[in-house]
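For reference, chains read A, B, C and D in written order, and residue numbers begin at 1 within each chain.
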Amino acid sequence: MDASGHVSARHPHDPNRYLMSQSRSPQLVDASDIMEFTLDNEPVGGSDRPLYHERFIHGAIYKARPEIKAVVHAHSEDVLPFTITKVPLRPVIGSASAIGHHVPLWDIRDRFGDRTNLLVSNGDHGADLARCLGENSVVLLRGHGFAAARDSLIGVVRMSIFLPRNARVLMNAMRLGGDVNALSPGEIDVKTKALAGDAAGLARGWEYWAVRAGCADRLARTRAKTGESRRKEQSRSR
Amino acid sequence: MDASGHVSARHPHDPNRYLMSQSRSPQLVDASDIMEFTLDNEPVGGSDRPLYHERFIHGAIYKARPEIKAVVHAHSEDVLPFTITKVPLRPVIGSASAIGHHVPLWDIRDRFGDRTNLLVSNGDHGADLARCLGENSVVLLRGHGFAAARDSLIGVVRMSIFLPRNARVLMNAMRLGGDVNALSPGEIDVKTKALAGDAAGLARGWEYWAVRAGCADRLARTRAKTGESRRKEQSRSR
Amino acid sequence: MDASGHVSARHPHDPNRYLMSQSRSPQLVDASDIMEFTLDNEPVGGSDRPLYHERFIHGAIYKARPEIKAVVHAHSEDVLPFTITKVPLRPVIGSASAIGHHVPLWDIRDRFGDRTNLLVSNGDHGADLARCLGENSVVLLRGHGFAAARDSLIGVVRMSIFLPRNARVLMNAMRLGGDVNALSPGEIDVKTKALAGDAAGLARGWEYWAVRAGCADRLARTRAKTGESRRKEQSRSR
Amino acid sequence: MDASGHVSARHPHDPNRYLMSQSRSPQLVDASDIMEFTLDNEPVGGSDRPLYHERFIHGAIYKARPEIKAVVHAHSEDVLPFTITKVPLRPVIGSASAIGHHVPLWDIRDRFGDRTNLLVSNGDHGADLARCLGENSVVLLRGHGFAAARDSLIGVVRMSIFLPRNARVLMNAMRLGGDVNALSPGEIDVKTKALAGDAAGLARGWEYWAVRAGCADRLARTRAKTGESRRKEQSRSR
């Protein structure tokens, strides 16, 4: 993420709440920054702390999609060209199958006219964006970025990495000329299930990203918990 | 910025002066390097220190544009292709709306002929560049870079980041083929005002860039000052 | 390599075994992670440790190609566009001649249908991939990455660096328009032999990569061993 | 430079000698690595140390061009597309004017046939390359890289930075479509002279690159020497 993205998770015990940091650059967020919000994007108990202007993305998606557990919004540069052209952003690499079958494009101008500031800055914007997202996993925001909704925090972290990577590969493949051999609908469905059950692969990914992000110590605590599911998964594949 | 850019600010108390570093690589500049210049680009009180050859860009723009408070000149590589072709550089992403409605292209050859060294190295060059800039925020310098003029230091810092980003996104979008959906005139106007009033967002950006630049300690002092405007801004958005 | 690649070496004393790390992100692997596998990809003596899902790539290639001493599998982004288009990936730069005369493309869908998860996750997938690789050095995996097989560990490390570099140069050359002047068959053959005998050049490369990877101390031990072959090689070239 | 480039300087006191490191990755070279060579590329006094295979580039150019004081050879990736197509590499940005009016392309196959290993690995190759370079500053080596010859060490260092940058800008400009507005012959001539006399600008560049390369301490000694020429140059521009 750059300086302007944010990620949230639905409260593990209360589906009418979600957790997100106060407004801070994502690389600087730590545990003390996390706040609790209602699905109308109000800080529970009120607060003086600065809030993300576009928190309305999160509440609207949690309201519209009861199964969603995490939401991310980012301005990833490699995705932006697909937000200002008519070329569909389809998954072409296996690691990005979670993009799903369709990626809708939301243009704030369609419903809110020509004099907005492009930001999802109130509940109406959020609701309209969630309508556009529908049952999909990713929605593009014209000239702005994307929002993704998954059933796990790991899922939205993966999306933040593999959606831009998929975009880069697709752009480069299109420039080579000729047809592009994208993932088939069957592959999108099956791959998604496979990744969801891949504890060892996910652990390996977390290990890599935690070292790169400089917080590998926090990962040790997670590894103990995944050790048991890892042993179970190993016997199944033999 | 690379090794060859420079930024200045109009003197907060005297509109006929501006402040800029002596000639040093921008990443190395510290407080002791700052000097005071007349709008004819002479160091006030004279000096032995090395001066930026292209300081003439700054004085000329401050003379021509009384409302301008800061000027930046950089050679950002991603902008350069637009300086040597006829493709207009228009804002396509929300964060780059400050680019404005029009980005003129200045070619030193037009007025000064074929045997210049491309540098804005005297008052005549500077005045011609400022004429080309007109009332716009950005002017491209053919085969060279760009200059931007804003009403705040933060504004030119943002421009240095988002102008190249916008250039990259536009280049990639054009390669996808088909029309590019650029910001509308209404969006350019409204977005600009929104960003100017966005203290929380700007503070978050400063936090991110200060950490990346390795000077986060200096930011602590700034945060105390912005705390009050942040609380005011928060109640307005609720 | 990114978080998802893996490299192996045939056991120096037993051609029916190969050595590879347990499932870990490649940058974190150390000596204690190395395990021994049969050519059916089973850990010798059994193990609780997590294994790479796609270890089947390695066993299959070692079975099919007795002369192969090392195998690498990686998802290098710059190679991926060639896995989803019909443009052949040919060597165009001298340093990538080891790519060889032909790079086949393996599509798991051809033999295993539309509902796979794209991973080489069992012995049948591995055998089919090895058939596709044939006598070549590199095989592309559609929407996934590549696998390379060489007669030395240094060979597959070089391939991991120069195959993506070759891909980038080829993509950029194609965009300039006109024909691309690729390596000739004669140059591919001769260059390959030259690099294999180039101890000084390989040592210089190892030195550079070891410093970049932060393990230069381990290289000192290797340098003593190569010192003698280096002196022999020097007198030949004078 | 990557792991495979090298730079040399003609001996300050003997035009029949040049100075270059033993074969080491360029980032690791220090003072103790420097050796003295004849223009036939033999180490003066003989040596056991490993030598760059392609030292023949250097001796040949020093022989052919008495005014040349430094030579660099590198494999810069961004330049490589121009070595395998027919698109001329012309200077389009002011900082790269030292590229000159013409950049010839040397293809070892023309004179030495189809079974070479592409390396300039003997005196005949070197002489043929120097003939191709002629009176120019840069020669491309097909599928391999470039060699540049300047009248100062700073000159070849600048070339190593600005030749690839120029290549990137030119590639991106060509993709925007339409004509590219390159430097005019007059601008190439004048800019070159301007840069050569620009002590302050060069010092600023050295400062930036020395900090990035982690050897800023060595620069302090150089700054004392340039202080005097800087004061002289400043009075001329006022």
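Basically, a contact is a pair of C-beta atoms (placed from the backbone, for glycine too) under 8 Å apart; a residue touches a chain by one contact, two chains touch by 3 or more.
The shown structure was predicted, so the numbers you read here are calculated from the model rather than taken from an experiment.
Student: Measuring centre to centre with C-alpha atoms, which chain is farthest from chain A?
Tutor: Following the centroid criterion, the farthest chain would be D.
Student: For the identical-sequence pair chain B and chain D, what's the CA-based rotation angle in degrees, nearest 5?
Tutor: To map chain B onto chain D, rotate by about 90 degrees.
Student: Compare the two sides of the chain A and chain C interface and say whether they are made mostly of the same residue numbers, over half shared, or of different ones.
Tutor: Homomeric contact, different residues on each side for the most part.
Student: Just curious, how far off is chain C from chain A if you go by their C-alpha centres, in Å?
Tutor: The answer is 33 Å.
Student: Based only on mean CA positions, could you tell me how far chain B sits from chain C in angstrom?
Tutor: The computed centroid separation for chain B versus chain C comes out at 46 Å.
Student: By residue number and range, which residues of chain B touch two or more other chains?
Tutor: Answer for chain B, listing residues that touch two or more other chains: 175.
Student: When you draw the chains as points and link the ones that touch, which shape shows up: line, ring, star, complete, or other?
Tutor: Graph shape here is a ring: one loop, exactly two partners per chain.
Student: Mind giving me all the chain pairs that touch?
Tutor: Pairs of chains that touch one another: A-B, A-C, B-D, C-D.
Student: Chain B touches which residues of chain A in the complex?
Tutor: 2-4, 23-25, 27-28, 42, 48, 50-51, 53, 75, 77-78, 80-82, 84-87, 107, 109, 113-119, 121, 142-144, 171, 174-175
Student: Can you name the residues of chain B that touch chain A in the complex?
Tutor: Going through chain B, the ones touching chain A are 92-95, 165, 168-169, 172-173, 175-184, 186-187, 189-191, 193-195, 198, 200-201, 203-205, 207-209, 211, 230-231, 234, 237-238.
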